Every structure is written in structure tokens, then in C-alpha cells.
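In what follows, a single structure is set out as C-alpha cells and then discussed.
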Amino acid sequence: MARVLLFGRLADQAGWREREVEAASLAALRASIAHDDAALARALEGPGVQVAVDKALVRGEAVLAAATEVAFLPPMSGG
Amino acid sequence: MARVLLFGRLADQAGWREREVEAASLAALRASIAHDDAALARALEGPGVQVAVDKALVRGEAVLAAATEVAFLPPMSGG
Amino acid sequence: MITLAQAPFDPGALLTAFCAGRDETGAVASFVGLARAEGGSASILELEAYPGFTESAIEAFAVEAAGRFGLQDWRIVHRVGKIAPGEAVVFVTTAAKHRRAAFEACDFLMDWLKSRAPFWKKEHGPAGARWIEPTAQDRTDAQRWDV
Amino acid sequence: MITLAQAPFDPGALLTAFCAGRDETGAVASFVGLARAEGGSASILELEAYPGFTESAIEAFAVEAAGRFGLQDWRIVHRVGKIAPGEAVVFVTTAAKHRRAAFEACDFLMDWLKSRAPFWKKEHGPAGARWIEPTAQDRTDAQRWDV
């Protein structure tokens, strides 16, 4: 189980901010989200969206251990 | 009567900070001070010493009305 | 130290605490960012952080800045959640022996915080809510420091 | 407004008061100059002002700076008399819509206050007392703004 977190406009678009998703890799996680909400899955791959696994930014693919936190971060606005 | 004020190292040198002096002009005031303390009078004409009459800086000579305040200001150090 | 504040905070109280007991400091620069009413067009500012991630990113950046400018100390408090006009959004303060370092480090930290720190910002106004991107001025300010 | 303070003052309390009720400000920069112990070599700093003349000179300079940088407001408190290490010597704060103006005006005011304002400064240390002139760094800092 991965704990998925959405921030900013991604959470608004999805209608949720946090959800448990069964997935052993980032690719599997994206596929699972696409199955429920294809538009959201596309937004998660959109320009400037970064992915953090257990609070560290990752690029490309990642294996997800049990109880991993995966966050999708739209472009940061600063404070 | 002019009220004479000395600041910074000038007051230390003179041994006083404030004194009433009978003088109708700045030149007469300097002469009166020189009569009592020639070294002080030279210091008051030293490099960087400015003169304020009633809290306004003056250059060169000035007539002193009754109850005028004359301040001798050594180079300012900033705060 | 960086703290995210959920509730309004008093920058003056933070400055008092930061200045206390410093007999070799010389210079404390600080900055307070306040939410603007913009004549009523932006009634509420909402800031979202990623708790844990946001503090770590700010801490890492500030530690690097402290080294770059030779700071003795720094303190950052950043508001999150819904912020009313006139409330403090951010407080940054820096301590150094001399004022040039304190000013430049504070300015540097603010440029980064305003343009690149991990926050997501929403403005709630009479015409609804919208997500804000960094302004061109924010980007230009931050780029002044790029080598 | 400029105030000369005979007794220790709290910069944080001044900052709190200055920030209050500003819903169109955006940016408040401030600076606190603290007396340094210099490892014990300068145990007491003594600042002399010419009451009336000193405030007028600072007020006139700050009003000009406020125009130059487009400030909404400013506040200066400057200590006079004998100042112990760790005590505040000067507090300057500036309010503007955006942070670049607030920072630059605060920096500008400090450069002038530290090098050209009408104060006379004496350091009392273990080896006796001596009058201080502006440092070369103070002059260089102030000259950055000369056109």
C-alpha cells in the first residue's frame, strides 16, 4: 500500500488530497490512478509536476516498498 | 550672550560641554574662547569641525543675536 | 530553525527572542511579509505546505545560505493555511557580525522563499479562488543570486 | 518618526507596533544594530547626540529616502548614552508594497546612519576611552548609493 498525497491544483482537480493505493512501483501507481481518473493521471504527468517518494524527490521510475508515501507536487509557488 | 555647546573630543579637550559667552559674532566668540584657552580655539578651527548656529550649519562668519546657541561639531562618527 | 505556523504569529516577539543575549552579533536584519488586501480583490491568501518536506527544503537552503554569507544564526517562521490581509505570512531574520552579510542573507532567503520554496498558494477573492504562480519579478529577484 | 532613546529599548516591541494594522503593505524590512563585546576589548560604547539637531538631520534624510524608494512608512530609534554589549544601538524599519524597496531603503538608511549621522562615538575599554571615526567599510557602504 502506498499513501498518495496530492498538493495544490492537483488535489482540487482530483477531489481528494490523500488516498491509499495498492502499487509496487510508480508505474503501477500511475496505472491504478488512470484506471479511476484518466484526466488526473494525465495531470500527474504534466509539465512541472514533481514526485517525492518518502519526502525525497525522484525522477523517472521508482519501486515502492510497503507503507511508502508518494507525493505529487505541482509547480511550487513560493510563500 | 551666546550659549556655546561642544561635542565629542572638543568637549573632552575643553573640560566643559556648555558655557555662556558674551559675543555678537562668531569671530568675537572665537576670540573670547582663544583668550581663555588658545589650544581649544585652534581645535575649534581644526579640519572637519562644523559650526551650527541655532541648530543650522553655517560656513564662515555669522552675526549672533541675543540668546543664540552656537555648537562646535567635530567630525561625525555615525551611530 | 524553521517553523510552519498554522495560526497568526507576532514577528516582533520572534525578533525580541532572536536578539536576546547576543553580545558578539552586531547586525540583525529581518523581514516580515504581510498579506495585502489589494483593495479588497484578494480577501484571503491560502498557503499549502507539504509538512516535513517543506521544512526540510527550507532548512537545507538556509543552512547553505548561512555558510555562504557567514551568518552566526538565522530564524524563519512561515505561515500556512488561510491568511487574512495584514497578517504576517513570513518572518526571516539573520544575525552576523556586520550588517552587509545580515542584509544580503535575509534578502537572499526571501527571494528564494518567495519564488522557489515548496508552497502552493491560492488567492480567494470576490471572483473566486485561483492558484498563484511565482511572478516574473520573483523570478528576476531570485536569479540575481545565481552564479 | 525618529526617536533618540536614553535607556535600553526592545526592537521587537517596535516591530510589532510598526506592523500593526497594515493591510496594504506587503513588505516590512528592519535592522537592529547591537553593541558588540569584541571579546571584552570594548566593554561600553558611548554615543553622544546633539538633541534637536540630530533628530532633524535624521528625519530630513529619512524623508528623502522614503521618497527615493517609494516607502509607505519608516521608523528609527537610536540609542544615546552608555550602551553595554548586547544592547540595541539602532533600530530601523521600512514599509513598502514590495520587498525590494523595503530592503533597499533600510540598507540605505543604515549605511548613512552608521557613517554620516550626527553622533559622536566613544569606546570605553580596558585600555581607556577613545573617540571612533567611521570605518573605511562604513564609507564604502555609504558611497554605494552616491550617484
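We just call them A, B, C and D in the order they show up, numbering each chain from 1.
The criterion applied here is as follows: contacts are C-beta pairs under 8 Å (C-beta built on N, C-alpha and C of every residue); 3 or more make two chains touch, one makes a residue touch a chain.
These figures come from a predicted structure and were not determined experimentally.
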Moving only from a chain to one it touches, give the least number of moves from subunit B to subunit C.
2
If every chain is reduced to the average of its C-alpha atoms, which one ends up farthest from subunit C?
B
Suppose each chain is reduced to the average of its Cα coordinates; what separation in Å results between subunit A and subunit D?
50
Subunit C and subunit D, separation of their C-alpha mean positions in angstrom
23
Between subunit A and subunit C, centroid-to-centroid distance (C-alpha), Å:
27
Taking each chain's centre as the mean of its CA atoms, how far is subunit A from subunit B in angstrom?
77
By residue number and range, which residues of subunit D touch two or more other chains?
33, 114
Among all residues of subunit A, which ones touch two or more of the remaining chains?
none
What chain pairs are in touch here?
A-C, B-D, C-D
In the complex, subunit B touches subunit D at residues 5, 7-9, 12, 52, 55, 71, 73-79
Please name which positions on subunit C make contact with subunit D in the complex.
10-17, 19, 21-39, 85-86, 88, 97-100, 102-103, 106-107, 110, 114, 137, 141
Complex contact set, residues of subunit D against subunit B:
33, 47-48, 50, 52-53, 56, 78-79, 89-90, 112-122, 131-134, 138
